[in-house]
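To keep things simple, chains are lettered A, B, C and D as they appear, and every chain counts its residues starting from 1.
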Amino acid sequence: MRREIPLVITFVVGVVFVISYFIPHYPFNEFESWFTDWFSIVGAFAIWLGALNLMKISTLKIVKQKKDWPFSALTIVSFLIIVIFGFYGGKGFRDPGTTFDWLYVYVYTALSSTMFALLAFFVASASYRAFRARNFEATLLLVAAFFVMLGRVPVGDMITGFLPLEYQMSHWANWVMNILNTAGQRAIMIGIALGLVSTSLRVILGLERSYLGGD
Amino acid sequence: MTKQAILAGVILVVLLSAGAFGQDRPEAVVDSSNLTGAILPAPVTNIEAKNHKYDDGERIDLFWEKSVDDPDNIFGYKVYRIDKDGASELVRELLPGTTEYFDEEVENDVPYQYIVAVVGEAGEAPSEMTPEVMAAWEFFNFSKLNILILGFIVCGSVLFFISSAKSGKKLFIRKIGGLEALEEAVGRATEMGRPILFIPGILDLDDVQTLAAITILGKVSRVIADYDSKILMPVSRSLVMTSARETIKESYMSAGRPDGYNDNMVQYITDEQFGYVAAVNGIMVREKPATCLYLGAFFAESLILAETGNSIGAIQIAGTARPGQLPFFVAACDYTLIGEELFAASAYLSGDPKQLGSLKGQDIGKIVAMSAIILGTLAMTFASAWELGFMQSLLDILNSIFVTN
Amino acid sequence: MDWQIFGVWLAAFMTLGIISFLYKDNVFYKAAEAIFIGISAGYWFIVFFWDSMVGKFYVQAIESPEPEHHVWVGLILGILMLARLSNKVGWIARWPLAFVVGATAGLYMMMFFVSNAMVQVQSTIMPLWETGDGWFTVFNNIVIIIGVTCGLVYFFFSKKHEGAFGVAAKIGIWFLMVTFGASFGYTVMSRMSLMLGRLDFLFGTWLEMIP
Amino acid sequence: MNTRMKEIIATVAIVAFFLICKYVLPKPLEFSPLVSNLIIGAMAVVFIIILIRTLQGKYIERRIVFLLVGIALLLPFFMQFDLPLQVSPEVKATYDALESLPPGSKVLASFDYDPPSAPELQPMADAFMQYAFENDLKVIIMGLWPQGPQQANQSIEAAFVANPALREKVEYGVDYVNLGFQAGNEFVIVGMGKGFRSMFPTDMNGTPYDSIPLVKNITNFGNIDFSLNFSAGKPGTVEWVQVGVDRYKLRMAAGNTAVQAPAVYPYLNAGQIVGLMGGMSGAAEFEKITGKTGKATTYLLSQSSAHLVVIGLIIIGNVAFFREKKGGK
């Protein structure tokens, strides 16, 4: 039973979504909107699960005094702070001027943006040490990258300023993006779409069960 | 019997609508009294009301050509709906420039008529009343029949090949270039007496890319067991750790050297992305592996790993289906399994009927796509260049197969 | 105390704390990271609570004049999801998981098949003859058609890459490489922009040096 | 001197640097053309030194590369150059689509991004908001990312700051509305196809859908004239195209982060979206064509210099690579 019920659920729900694409009326449209509503609610719980799991792991770390446990305490405290202000704020919790908004602007934004901004430095350093034109394919890649990188900023047009306007770098970049890139992306896209169709089919029919985990 | 009933129904409807036509235009509908002495704007023309096709019988589409006074001398349009009792209702006021309205507040199978009035300074200029129209209910969306058929072809071939692979039929998959490179790279590490680093991405076991990586790990660890070289495998998920340990252990068993295996080959580091990368970097710098394999789902850490690998002079082979990271791997690694090649490699190595069959089924889909593109292009070219009639009809057929709206 | 000024200083301090990772992993970075993890989990927690649970579920199920009872099923599925936290009853979390996986599979199957396969195939069918857009358009059409077809050939696994087929696969991989190059260039652009945003904050908002 | 000492000295130096920046240097700081050119010259010299060192087989340390990039990104902020900027066809198409909308049109703006992507997408959103309010387009805001609606509020505020007259003119609930976030990724779009009301029973502040004048008559995508989507990943433009455009016939243009943009071009060329703004350059072009110059335009010089640095580093690395390869043979 532990295995069969999930397989039945997956089958029924998947089939309803496929059928309601073709048959636009009752009962499938009704089911589809029900499932859509449920999905939205389950999605919220999935996020809570993640948050609660984080709290669980952090608490265990503190209790067992594992390495770096003070940082786990910091995580829990900051979680609690924003959650408390969020609840306290009521429905307008994130209106400009609220404490929650203050936390969003000055703490959350600063931290999350900087975290991802670090990548700028890693890209640069990898450019110096790792990106090599070691064969024809890699050379092609780097040359295309140069065209795009120069063509998408004014400096490209400045370098090619001696050429007529429609032959300047930005037009080359446009061409690379709209023609060459489109062609390649399309091939990848069609391939991925077919892959997704066959994976989805296997999932709906219960041939693919790895998402259910072991035992 | 049924036929007669339908006939009777049709006659009834015709009579009713004739009756509706016979009625005077309801006075209450629009106020066309000319109060200011200004001239009424020109009414809209060619008004048409249609049942919206292939829905649940919940919508009527209204189209018209805009008033010649639009946009300078009018305030907008008003849509009136008249039900079968002759009662009219203002359903919506629209902006100048509008030429269509979709009425979704109608009941199924009830006849309605419509009037669109142009609102100007002098008042409203009504259009003609449309013939009666009903929002009808259709069982199947026939405009999507082609999608269903194409879908059946792709899904059918996937299922067909899976079942034929299961029944023991041998399915041909071309050799994947990266696999040979993989074996060479392991050999090189052995010659140099240095370890091999294997990173299975940073996602958990429920991701197909991680699964493919574990399949390939089976092959790699078998070669390692045969050559008696050393493997390092820091992972960021505890489930991945368990299954990687089992895989490597199995390889050592089947190579006849169960004593060569130990659990330290696979180590769990941390779930935290950057923390994991920092730790792996440390291992790379300390142990100086001769070969680094990055197979699985990667995010921003791809280029950090590849850079460190490069700085210690390792041979690097990567494979991922995440398009965002592929450029960095291709530029920084010696060999890269691109997208589907990762899954193909896994299918090739494992011989799993499910994977092989899907791969084959997808190939059928690609044949359909490629032939449609080539045929369609030829047909369109000939049709436009020499106006060949049969080419135009071929093109029309292809268009009807691939049209989606 | 002016909270806005304090906020800017705090944000600057946190920004520098994370940037310090570039030198090496250190206690400031770890602290900033720990706060980040907590704050972002809390942020999502709260927004999902107000917008999804109160803004949608509560309104639909209870507050609305015509309550919709079916959403209670969604709530039950959601609660079952939380069973994952326990080892004993964790297996029951597979039911909502099966629901999510099934819904996603069913929707994706149609979405991707139509938008990413059929529409793309249809729009790759283009004339190789001048139809009023000039011969350069024809040239571009040829390039796209060759690119897409050869790209598909490269990802075709049922036939060996030899002869004419091998040549097509080779051309296919070149197209893929140029595509990756374009992505590469764009990704660099993106990464640099992110850092620019932070520098603008540090030297503009905080230090007020940027004109 | 041991490492510990060095680190302490470096920390003190960094703190001193920021304190000097804060309390000593003139504000705002602007380089004269001479100084700007000298700096550019100095950077060129640094690159030549790096090239020579690398050719000698002495790769410079990562942290020095980091520092170099930081400088290359930072210093152009203080320089004044006039940059030529050509608007690409896909950005122009976005603008043309907006221009073709008669006043009073209802535009659905989905904010599907978070603060890390804001440097690229916020300038587009700011310019769009100001444009929409000035041209009397009715904006319906929503987010598939929880942070989106809050970013939208920032854009509205930015529009009010850029054109203070708008603060009086524009009214919440009549000229724009913020429906907030809803969980469920692409399923939210599916649900909206059936009815906006079911996915957003209330707006961001809990006002019931039916008591908001702007949206109470909007049932689904059929009542929307145009849609603009600011997207940093999944769910975003791809999902909007797949569900909103291909299934519910929405007319749409998109603003994307540069990471995502290349994958969206096939949709653009297949006519599934009418326009596309990609990354910082797309944002700057959009600012230029709408005449709402903002952050993206000021970032362009730094962006250019960063690209040059990356290209320079790749070239230096490869020159050394080929030399080694030759030497190896």
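Observations on the structure shown:
Here is the rule we go by: a residue touches a chain if its C-beta (ideal position, glycine included) is under 8 Å from a C-beta of that chain, and two chains touch if they have at least 3 such contacts.
These numbers come from a predicted model, not from an experiment.
Counted as hops between touching chains, the shortest connection from subunit B to subunit D is 1. We define each chain's centre as the mean of its Cα atoms; on that basis subunit B and subunit C are separated by 14 Å.
The multi-chain contact residues of subunit C, meaning those touching 2 or more other chains, are 21-22, 33, 43-44, 47-48, 52, 54-56, 60, 103, 107, 109-110, 112-117, 119-122, 124, 144-145, 148-149, 152, 155, 176-177, 179-184, 186-189, 192, 194-195, 197. Each of the following residues of subunit A touches two or more other chains: 21, 29, 37, 39-41, 43-44, 47, 91, 94, 104, 108-109, 112-113, 115-117, 119-121, 123, 125, 127, 129-132, 134, 137-138, 141-142, 145-146, 149, 152-153, 177-178, 181-182, 185-186, 188-192, 194, 197, 199, 201, 211, 213. Chain contacts: subunit B has residues 147, 151, 154, 274, 311, 323-324, 327-328, 330-331, 339-340, 365-366, 369, 404 touching two or more partner chains. Taken pairwise by the contact criterion, the protein chains are fully connected, each one touching every other. Of all residues in subunit B, only 59, 71, 92, 95-97, 102, 104, 311, 323-324, 404-405 touch subunit D in the complex they form. Taken together, the subunit B residues at the contact with subunit C in this complex read 147, 150-151, 154, 172-175, 272, 274-275, 278, 323-324, 326-328, 330-331, 338-341, 344, 359-360, 363, 365-367, 369-370, 372-374, 376-377, 380-381, 383-385, 395, 398-399, 402-404. Of all residues in subunit B, those touching subunit A in their complex are 54-57, 137-141, 144, 147-148, 151, 154-155, 158-159, 162, 205-206, 208, 211, 274, 300, 303-304, 306-307, 309-311, 321, 323, 327-328, 330-332, 334, 339-340, 343, 354, 358, 361-362, 365-366, 369. Taken in their complex, subunit A has these residues touching subunit C: 2, 5-7, 9-18, 21, 34-35, 37-54, 56, 68, 71-72, 74-83, 86-87, 91, 93-94, 100, 102-121, 123, 127, 137-138, 140-149, 152-153, 175-194, 196-197, 199-201, 203-204, 211-213.
Residues 21-26, 29, 115-116, 119, 122-123, 125-126, 129-132, 134, 137-138, 141-142, 145, 188, 190-192, 194-195, 197-199, 201-202, 205, 207-208, 210-211, 213 of subunit A are the ones touching subunit B in the complex.
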